[in-house]
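As written, the chain order gives the labels A, B, C, D, E and F, with residue 1 at the start of each chain.
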């Protein structure tokens, strides 16, 4: 295997590994369920993407054909991760899990829980 | 020369059906037709008499079950002849008698059938020339007598009496069986001829005492010897014809017959003498004594029967040839007078409505003819001269005088015998005086009068016999007695004389004493009655029933002690047993590790092991919070599939993963209907106990696993690796094993899955549910039934998932995958639609009949296997070939694919039948029922 | 490695058996699931452990024993069917008997089962 | 070099797995645990892919794919259970 | 199974294309046999599943869709680093908060795509959609300027999505 | 008829699948006809199979044309064909009975019934130890589903115990199989027998554990103490045709013990010869004792019948423990007899409990049955047979067993419990019969059916009567043709104990040579 390829693969692997680790660190460290949601849903997906690219490169070289079926895993993850996050967020809201005290707009969480529209003065999104 | 022997019992056996078939006809006709078979049998017996009287024993043998030494072997010698004549003769009289005894409402057909069946059994016993056959008929008498005694089954005493008789005689029968089998084992044959010739062999065998005890148990229970006598009086609950038959000539005489039959081989020892004679003596005295106090006529006769049986037993126990002759003679005499007495009692009962001697008085006035008959018979029972009872009693007294086996105590036997005779005279006198004289009847239900003409005929015949035998013994029974004795002794018959006058001698004095004593005793009976009345009246029936009740209660308590319907105990016992079975041999295993080199440990493995361990432990620790436990369990499942992946089993990893998810979904579906928390209901002791056992098992299993892993092994698998491609057409050996080498396992496996689904559907249907309206904290459920994102994304993933499952399916034969995994992926994808959209949305849009899927899946797999029959190969022989098509290139077709399709369909059908229907449960009545506990 | 593997099997057996011996159906289900994991790993181990030896011809140099794998696969499927049935039976028991005790009732006090039936 | 990198990355993933386990154990809420499990699934995919790279085998892709798919189903079912109790209604 | 909308053979043309590509992707091949197979599957699977699909607005501007995807991917990559730093950095500095975004996009698919994008791009997670599908509730890991975040979501993601889907 | 040995499996399998599909699905009348015809054909085939094995020797069916020891084989020797025939006879009666209406008290009776027969036949016919496991599971899962047929609390409750205990059993089975494969590396029973004999040292010890675990598992099915506790209530709660069919289930365990512990761990197994014996015989004696107590303790006829099953299972286990051809032959005869008689009693108990109203089959005073003569005669006959009283088949079996156990060190124990169990059965059944039929509120003659009863009592359906008669007829026939029957069982036992036939005859001359000739 040429050194450059090994290097690239290594870099992707390391990046992937780091992001996976960071995601899990976030999961362990972050202070409330809502913040914890962020870490794994994206850091880990990106981390996995790193590994997948490394794998693609390596196997493409090894088998001398384009090996891109790993993309499928990435595709799946990118499609499903937001839904998982959404569902977990819903459970957190449903269980009225306390957000970090300094979380802004906690009243919105209450509205979100009941799937209502936010109060009239707070319609900040309106153009 | 004697091919007709088996016709004797066969005729009566066939005759059993006659009354059942002719019951609908007129009762007289029924009785008449019923008599035909026994009458013919009697003719056959009498026809053989001549041969027997020429010292021949007739024999007939037919093969039956050689493996168990059972043959149909009949033997007619003097003893059998005597008994056969008694059995059939008295039986015929009873048939006639019963015709008038039973009321119009009672099923005479059933009665006759039981009676003839019983007769058959008795004939079978006395004609047997094979021990097992003998036992067969022996037990048949117990059974058929049960039917007879319990003929009036709606009466409690009849039921209890019958059960008691059956239990006691049945138990004795089992002992007898053991004894006979031992005899057969010792002698090496069950043939009576051979056995009778092996007396010395038996007597000298170390097991002789056991054999003797067992055989005597059989004989004594049957012939109501003390202490097994108690059943007999209660068998009087039977209709009187039954008593007349069972307690004179047949049932109880079977025991006596057995003693006589085995006399040549078992007697002649100290043991025989002591047990048999002492038992007989006790029974004789006890029966005679109690008989006096019975107010019930049949009760009196019952104890009298016991007493006379004791007398015969005593004679046999004396172990002398002459005593045996006397015993046989008394068998005849007792049968005759006792049968007639019972019949007379029946007439009295029938015509006056009671048998209580306190009510019955002075019947002489109402039924003088019957009274005369009864009085003659009773006199015979008392041993009055010129009647048959006198003769055998004289012989009995003689024999008591001439034996000396009790040494210096031998004088007691004649004394006690005389004492017995005193009581015998006393109760006979009571029978005569208390019933026919002694004033006027008291409160009789009916006004007595003479019975119908033909009801008296049997009694007349029997009483006539009493007189005839009593006066002309030689003429009437001389030959019969002689040859019966010869057969019984299997040796020279000693000389004896059957005359009515032997001069003034000691026995005559004993008779005289007995007469005198008896009359005196009867005259002063009130003193004795008063004396007796201070003892509590022990009802054997009650005692026996109480005993059985106690036995039952103890049994119930013991059973409940162990069988307490606690699954925890049953599981514990099984697992404990398993631990013992495994740990025992393990202690012998000197070195746990074998010689196989071990793989090195790495960080990932340690991580996996820790995750797995923690997951498993946490599942246990959290099992009270079920949802959390489920999460912990999921970790374990995940790690297990990673382990499979690690150790070169990709197929297993895939399968484990997909099964895991379906299982978790299923558990959640179920959890909804189950309590969310497990209460703490194990005591600390139980927890420690369970922990101890489970860690023992875990340790043992782990050790075995390690021991296996470290030992080299050569298996048959090289063959599979070698032939997978060439013979099975696939490179994924595991898959080829599944669909080809061991495709039959897989066929079974999908059948299991299909059956499970059917069973689950069966369980779900008509289930009453408790549906919680809130979670365990009391929080109402969220109102968002179908979250938007989930719905949209799940929907768009479905085609993709299906594509993946096709991919997994198609590559299965050559790469990890296959029908099972593909089926699970498809199912999970569809389940995801149910989760995201709900049943109401999915159901109309997907009209798959899951049941049909299961059926067709199994069918396809089976038919694929059957396809090989077309090529004359065994079931499931696979076929594959490579084809080449232009443009598309080369591809492979294999029957295994079709088989796998069957697997695929079954899996989908089964999984969805389970999950979708489970989901459906709630759609209709969501949040209606509340928790109920 | 073999020792570690055996340890894992042992631990799962222990936990599974302990849960099997609990009084509630759900715990028993969990226990059986754990036990069947242990059983599957055990059966798998009867072919010994092998790294990089997937029994796919041409994919490895030395192959792991494929036969136990096939057996485990069958065992997994059958185990799934059985677990599923048990789970639903547990539901049914809850529905029919009103509780989720494995005996369908709570342990009795010793003095209420003295009813005797006479005949 | 690649071997060492793989070793390092596998070590990272192991640490990540432990962190997931830690979160799963301490919770505090069920949502946290579901999240931890979801992350555990993703890290397992990573582990499998890494093992595939390490062993040069082509046999592990499907396992990774399956975890991705089934992990999602499992997570959404668990959440649905928390939300509605009844996951199929 | 009924086909509510679309052609008889291609009830879901986009799906068909996707399936075709994915099949070849999975098999890592362009062999004729597989192309044939992919063709069959990309027709039959949508056809089989047509009943289980809700009607979605067709993609009006496919190229814009591709551009959008690439942009999102870039956003994911760059912003992931930010999140990584925040995760590793001191927790005390975090200023999380909820926001509600009013939705102009109305189709289910559009809302889903927007919410997914928001979740994938770092710093934000779509937590809930209001029952009337007019509001998207988002949790932000570090909320400094609420309005700016809302505007950026609407401008950067919602607008192109509206164009792509046409509603 | 080259495919004869597999037909007893394929027939119920195919019919089971077809019953799930139109036109048979959801049409009870068609299903009845279909399954009855199937069972009848199966009966004929089983007779043919038995005759064939008797005349031309063991039939081996090489599935997939993969020759032993590699593929799965079916082995139809005299023993297995005899049991397949027995199953057919019993199942036919159970099905007849069910067709009178109890098949409609729940779903899927007919397909489940077919699968149940499949599982039983499979367990009898297979020559492969793992395949035996698979068929065990088939018969178990079908039995789980059949057990809850008809519904009701009792069924659910006892099913829960039955299922969980058997699931534990299945796990132990797999542990055992894992150990055996891990020591000998083969699954074919005959091949295993050859290889077991060559084991020494640590491997032998491990294999011993495997063998003992299998003993436990088979013991669980065969109701060996202390694994029998589940049986009485389970059998007593099952619906009548199911309980009747279950009468064969303990025999599957006994058969497997015979097969595995005579062929694999038999006399010739070297270090591992007769490993189960020291456990088996005392436990078997205790099993009979437990069943004996159970007989006395039973409060209902069905419980009594179930305890009779325990007694007969224990009795058979004693014979199995003896490991002699004579004992096995006797046991086979007794097995046939006890299975059919117990099946009849279960069916009869159902009729009685239907006709006795609220009291069902409990031993209490109650109203009289509607057909006292008919049911009473049936009861009497089956009681005679089950107690072991002449002239019905029970005594032949029992006497032969006693003969087979004579002259051993254990004779005293064995005879005592065997005879004791007979006495206990006598007491229990005579009490049961007199109570059920005679201890009535009104004498039968005065009993009239009131027209407006909430729970109308119906006379037994002709099919139900036919089913019982069919089973009861077997008992006298077994005695009348006792010579032939005992010769048959003796020959089957001889064959099983003959290592040349039961092991070497089933393997290629040189074990391990690739004999595969497929494709």
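Keep this in mind: a residue touches a chain if its C-beta (ideal position, glycine included) is under 8 Å from a C-beta of that chain, and two chains touch if they have at least 3 such contacts.
Bear in mind that the values here come from a model prediction, so they are computed numbers and not experimental data.
K.L.:
What are the chains that chain D and chain E both touch?
P.N.:
Chains in contact with chain D as well as chain E: A, B.
K.L.:
Strictly by the touch rule at the top, which chains does chain A share as contacts with chain F?
P.N.:
Under the touch definition, chain A and chain F have B as mutual neighbours.
K.L.:
Among all chains, which one's averaged Cα position is nearest the averaged Cα position of every protein chain shown?
P.N.:
Going by the distance between chain centres and the overall C-alpha centre, it is F.
K.L.:
Count the C-beta contact pairs for B-E and for A-B, then tell me which is higher.
P.N.:
Greater number of contacting C-beta pairs: B-E.
K.L.:
Which whole number of Å gives the spacing of the CA centres of chain C and chain E?
P.N.:
The separation of the two C-alpha centroids amounts to 41 Å.
K.L.:
Would you mind pulling out the distance in Å between where the CA atoms of chain E average out and where those of chain F do?
P.N.:
The answer is 61 Å.
K.L.:
What whole-Å value do you get for the distance between chain A and chain D if each is reduced to the mean of its CA atoms?
P.N.:
The answer is 12 Å.
K.L.:
Out of chain C, which residues touch more than one other chain, so two or more?
P.N.:
20, 25, 40, 42, 45-48, 51-52, 54, 56, 59-60, 67, 71, 74, 78-79, 81-83, 85, 89-90, 92, 96, 102-103
K.L.:
Where in chain F do residues touch two or more of the other chains?
P.N.:
130, 134, 137, 141, 144-145, 148, 160-161, 164, 168, 175, 178-179, 181-182, 187, 299, 431, 434, 439
K.L.:
Where in chain E do residues touch at least two different other chains?
P.N.:
Those would be 22, 26-27, 115-116, 126, 129, 131.
K.L.:
Which chains touch, pair by pair?
P.N.:
Listed by label, chains in contact pair as A-B, A-D, A-E, B-C, B-D, B-E, B-F, C-D, C-F.
K.L.:
Chain E touches which residues of chain A in the complex?
P.N.:
Counting only chain A, the residues touching chain E are 18-19, 22-23, 25-26, 29-32, 34-35, 37-39, 41-43, 45-46, 63, 65-69, 71-72, 75, 78-79, 81-83, 85-86, 89-90, 92-93, 99-100, 102-106, 108-109, 111-113, 115-118, 122-127.
K.L.:
Which bits of chain B are touching chain A when the two form their complex?
P.N.:
779, 782-784, 787, 789-790, 793-794, 796-797, 800
K.L.:
In the complex formed with chain C, which residues of chain B make contact?
P.N.:
549, 553, 560, 565-568, 571-572, 575, 596, 598-601, 605-606, 609, 612-613, 616-617, 619-620, 623, 626, 629-630, 633, 636-637, 640, 643-644, 646-652, 655-656, 659, 662-663, 666-667, 670-671, 673-675, 678-679, 681-682, 690-691, 693-695, 697-699, 701-703, 705-706, 708-710, 713, 715-717, 720-721, 724-725, 731-734, 737-738, 741-742, 745-746, 749-750, 752-753, 755-757, 759-760, 763-764, 767-770, 814-816, 820, 910, 914, 918, 932-933
K.L.:
Per the contact definition, I'd like the list of chain B residues that touch chain F in the complex.
P.N.:
63-70, 105, 132, 135-137, 139-140, 142-143, 146-147, 150, 153-154, 156, 159, 162-163, 166-167, 170-171, 174-175, 177-178, 181-182, 184-185, 548, 551-552, 555-556, 558-560, 562-563, 565, 567, 569-571, 573-575, 577-578, 581-582, 584-586, 588-591, 594, 701, 704, 707-708, 711, 713-717, 719-720, 722-723, 727, 740-745, 747-749, 751-752, 754-756, 758-759, 761-763, 765-766, 851-852, 854-856, 858-859, 862, 866, 868-869, 873-880
K.L.:
Under the touch definition given earlier, write down the residues of chain C that touch chain F in their complex.
P.N.:
Within the complex, chain C touches chain F at residues 20, 25, 28, 32, 35-36, 39-40, 42-43, 45-48, 67-68, 71, 74-75, 78-79, 81-83, 85-86, 89-90, 92-93, 96-97, 102-104, 117, 119.
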